[in-house]
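One structure, as structure tokens, below. Some questions next.
Should a chain be cited, it is by its letter among A, B, C and D, assigned in written order, with residues numbered from 1 in that chain.
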Amino acid sequence: MKVRVAVNGFGTIGKRVADAVARQSDLELVGVAKTRASFEARRAVERGYPLYVAGSGDPQRFADAGLPVAGRLPDLLGRADVVIDAAPEDVGRENRALYQAAGVRAVYQGGEAADVAEASFSALANFDAGRGKRSLRVVSCNTTGIARAASVLARWGVERWDVTLVRRAADPAESKRGPINGIVPTFEMPSHHGPDVRTILPDLPIATTAVVVPTTLMHVHVNHVRLRRPPASAAEVVAAFRATPRFLVFAPWEGVDGTPQVMEFARDRAGERGTASADVMENVLWERGVRLTGSELYFFQAIHQESIVVPENVDALRAMFELAPNKDVSIAATDRSLGIAHA
Amino acid sequence: MKVRVAVNGFGTIGKRVADAVARQSDLELVGVAKTRASFEARRAVERGYPLYVAGSGDPQRFADAGLPVAGRLPDLLGRADVVIDAAPEDVGRENRALYQAAGVRAVYQGGEAADVAEASFSALANFDAGRGKRSLRVVSCNTTGIARAASVLARWGVERWDVTLVRRAADPAESKRGPINGIVPTFEMPSHHGPDVRTILPDLPIATTAVVVPTTLMHVHVNHVRLRRPPASAAEVVAAFRATPRFLVFAPWEGVDGTPQVMEFARDRAGERGTASADVMENVLWERGVRLTGSELYFFQAIHQESIVVPENVDALRAMFELAPNKDVSIAATDRSLGIAHA
Amino acid sequence: MKVRVAVNGFGTIGKRVADAVARQSDLELVGVAKTRASFEARRAVERGYPLYVAGSGDPQRFADAGLPVAGRLPDLLGRADVVIDAAPEDVGRENRALYQAAGVRAVYQGGEAADVAEASFSALANFDAGRGKRSLRVVSCNTTGIARAASVLARWGVERWDVTLVRRAADPAESKRGPINGIVPTFEMPSHHGPDVRTILPDLPIATTAVVVPTTLMHVHVNHVRLRRPPASAAEVVAAFRATPRFLVFAPWEGVDGTPQVMEFARDRAGERGTASADVMENVLWERGVRLTGSELYFFQAIHQESIVVPENVDALRAMFELAPNKDVSIAATDRSLGIAHA
Amino acid sequence: MKVRVAVNGFGTIGKRVADAVARQSDLELVGVAKTRASFEARRAVERGYPLYVAGSGDPQRFADAGLPVAGRLPDLLGRADVVIDAAPEDVGRENRALYQAAGVRAVYQGGEAADVAEASFSALANFDAGRGKRSLRVVSCNTTGIARAASVLARWGVERWDVTLVRRAADPAESKRGPINGIVPTFEMPSHHGPDVRTILPDLPIATTAVVVPTTLMHVHVNHVRLRRPPASAAEVVAAFRATPRFLVFAPWEGVDGTPQVMEFARDRAGERGTASADVMENVLWERGVRLTGSELYFFQAIHQESIVVPENVDALRAMFELAPNKDVSIAATDRSLGIAHA
């Protein structure tokens, strides 16, 4: 019997997670909730997802738009075993009482503070911490990217890790956010991303700083790591990243010079091997962008803020409901379903 | 027996046309030619398209990248009935002698001058002009957008049409082109787009001007048309656009405020109803962006420069080889195969 | 005896108008009012402008920042004959009662509705309409640009004028406004700019449409005018613009391809001939961007949204207080003081 | 008797250096050389700088533009004691033979390799190294910014310094350079900036990495320094930067959130206290952007790529010709003349 999953919020994260859930053989998408009629709500209907009205939404607006709704959020919760909360930042916490009242488990996103849930989660790093929990929090896109990389670096022992996060200022469809021309430092130093990683990897000696730049495509992390037991060569590092699920490493001959070509690659890939979306759910590295000098490792990684947490939400459900014996099995199933499994 | 199609050039247009050809039941994609190994070349191999080395390309580079090649461009031409030339601007003309020597027919793109081919082509506007031709030129993205709209407006009689083309400065993956911040007027006034439309619709009283702006997503046309026999209302205009293939009209409640949301819609749609790509091959209009004052019609349309000519290339092949009795049959077949057919 | 001028609001417009007023021999800047301490408030102090606290501003905040204040806005109004309202859009109207209570005259900006003042004003177009008025409204940047051009075109008779306004999305320092990548149509068609021009030139047969694009530098107007009594050549049109105050026309050899180079020119000019600012208070045209075909005139003009209304505010004061016998005398005095007078 | 200075190249750097030289009482600007007529060449004439034709430039083009020229580059060199080479990258090296043949000393820019000159130079860091030299190389904008900061940090002992350079992709007037939307990593890791700083400070334990982002305004450096003898507080660090020439530190209340407001500040400042330009020749820091945790210091600094090397070029001349007894005297004179001296 499948675990019945509701998705509350159908924006950037919610719509992707709903699509991913719908592709799993051990999960059933019982519906999605949305506040307003929009082209995204219409698409939920076209995909056959039962549509519910969330929060203060007005069902009449949906009716006027010709979009049939199946009820309100509480109705949806009544049909689910678990809800994925994909509401805007800080609204997840407000929703918590609602979920508890409905007796459903909940997966929150990284925009909420860590104490919203019993544990923070990232599949490669701490899958087992999610087992049997009634609530989990999938960490944010940047934290997910760091936690994944930490899983690779652990074999060499991280003595000290500095990351500069060069953050995209807005998602592609957020047309009211700027800056159009300029760089805005994040004056929280070190930034909150380091402590957030430590909700998953408590002892990681990491310090993060951040700036915001006028692009919509991806974040880029500039990493400098001192390793305790360094590998023999950068090639060994590249091979380790290549061998790990949810990493994509471009070779020099591929002509991928930066995030514009990474997203072009993603658009080309859509539809191949079952990859329906134009997303990049993997951490993206470049062979040319990995350099080892003694025990000092430098590498760039690009993070697709819109989609990187999508497979993590699926794995979080598997961990909660103990649907997989271990992380490797869960990750492999998720990645195959999303078309991002390694060959 | 299927018409055997080669695609020479596998960049922005070529890769999309190849995918489209591969989806047609009356066409066979016999191979694609590319100058350099790249992530796009790798994808051709992964999709199972026979890969040939174009122009001055070095086969060893492909071998070094692990990409098997089936020969050089002349070998490909030897296996084809027709070639779609998707080479960079002005290279198409240079390739013409090669195509003629190989005895294959050819479809050129709008970057070439009109006299590269026997006729210029746009399916809605002049499908029949393509019948039996040995060479055709599919007009450029902006010209295609205008020619399509002209097919709708014709019923009311166009007395005078002014278009300001607000052009995207670069495609998403062209990361070396600017400007980053600024507007650049096109000092050719009226611009070449008007005369280019008249290669298809010789009598259209149109004048176009253009500026280039720092975006990668879509062009936007600002149209002002004086009509001879105006319709009763803007709603009638909207209905006419909605009823025409290759037009997509957003309703106010959909929340599509500009090109960022149009492309978001396209990414969401990828994978639905067989629409594998995140492209928008339709002219995009907004109900709110159509206004009629007496005989004066104002409307905006957005044009996805990367993909709008893709279905036109397919129809050009059908016209050339007389694979369809008329434009309606050809367009319907093409649009169904690409997932953009009206319901 | 000089007219005593207060400036209420010290943002993009207010700070420039204050600087301009300070340079006039017949006006005295008695102070500026600002809501919050900031680098701009500090600069007012450094320039020696008496600083007053506007609206709900807290004097303690200024004290904490080490910025001496001379009182609150009502104190400033008590020392002035006239106030230039440079408050944010719609706040000007709220301020009106305050100004009337203080018995001062007022000049409002174009963000306010036309009925905020006795008349709308643009120096070249209707200087005399401002004579002796107790309140005036200087029209917005785009309307000012159109009204000025209309003053040149009038000699040939305007039969019909279509303008597409390609608008900058944010000012350079407005780092929270987008879009970063995309074009947003203005769904008011024709846009409000046409009716706004007619508050000054009631019979002008103009229709305007607008799109917003991701740049911070300047607006660009794409103009198409049908003339009743067309001149002999485009050169005659260029000469007429060149001979008119507040027009700047670039020659082809100057290498000014778009708004980035126009603003570069402005930065270079700062400090020359008394032009202290890096602004472009003139309408900017290009010789290459003027084309005449029979009675059809096409031309581009670029409008520096931050500064173009600055000299108009000065002239509005001269008209109100009858400090100049006619517009030519006022404009010449203003332009000399600002370093933008023709040789 | 003044040292006679020629400036070869009148683009972004050359025009600013020429203006700065013209403001010095111990230097005489004997002329500038430029390849092409342009708005910038016209401005040289308007400022009264003798204009010479550089390189392969055609004097007839200048004549056609109405710009009087005084000869060719060799003529200019014949009238000078020293030339500032502000030619495009790598052209400086080609010019070297010309300068040597003319018997003039030369100052090169940081785009040239270090061995173009006898020594590399940055005033705060190694003024005395320039004394009496016949050729000097002023290091590039980013290297200058780092070298200046190093001069402040030296008092606490730098054990290790990591810098991520978030680089602007193009200057404001370079309208053909991208990317428009995306981040491009610099795959040279560590980047050349570290070794370049060591041409001045040979023992500095610094490692730099870089990304390019779509903005034109300023670079931002994200710094992480481990100090040997850390100060007591971040406030002590801020005070040290504030007390050093060519540093500008914004307080929290000033409302400067990022580079857009820094450049707004610069435009406002133009004309004040003799600061004719809208440039920021100082390293820019933020109080909020300095954080000390034990011996770990984090700070952001913004670097105005167009102008930061301008005062350095002036000081290089003073060092070469021993016009000042020490760096403090030279720097103070330069900064006063440019309006950037501390109060």
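In the analysis below, contacts are C-beta pairs under 8 Å (C-beta built on N, C-alpha and C of every residue); 3 or more make two chains touch, one makes a residue touch a chain.
Quantities reported herein were computed from a predicted structural model and do not represent experimental measurements.
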{"item": "Chain at maximum distance from subunit C, centres defined as averaged CA atoms", "value": "A"}
{"item": "Pair in B-D, A-B or A-C that repeats C-D, with over half of contact pairs matching by residue number", "value": "A-B"}
{"item": "Subunit A and subunit C, separation of their C-alpha mean positions in angstrom", "value": "47"}
{"item": "Computed distance of Cα centres, subunit B from subunit A, in Å", "value": "35"}
{"item": "Interchain centroid distance [CA atoms averaged], subunit A/subunit D, Å", "value": "42"}
{"item": "Contacts with two or more other chains, residues of subunit D listed in rising order", "value": "172, 174-175, 179-182, 184, 214-216, 257-258, 260, 263"}
{"item": "Residues of subunit C defined as touching subunit A within the complex", "value": "169-170, 172, 174-182, 184, 214-216"}
{"item": "Residues on subunit B engaged by subunit C in the complex (per definition of touch)", "value": "162, 164, 166, 168, 179, 181-185, 187, 189-190, 207, 209, 211-218, 220, 222, 224, 257-260, 263, 286, 288-289, 291, 293, 296, 298-300, 302"}
{"item": "Subunit D to subunit C touching residues, read off their complex", "value": "15, 36-40, 42-43, 46-47, 61, 64-65, 172-175, 180-181, 216, 250-251, 253-258, 260-261, 263-265, 267-273, 276-278"}
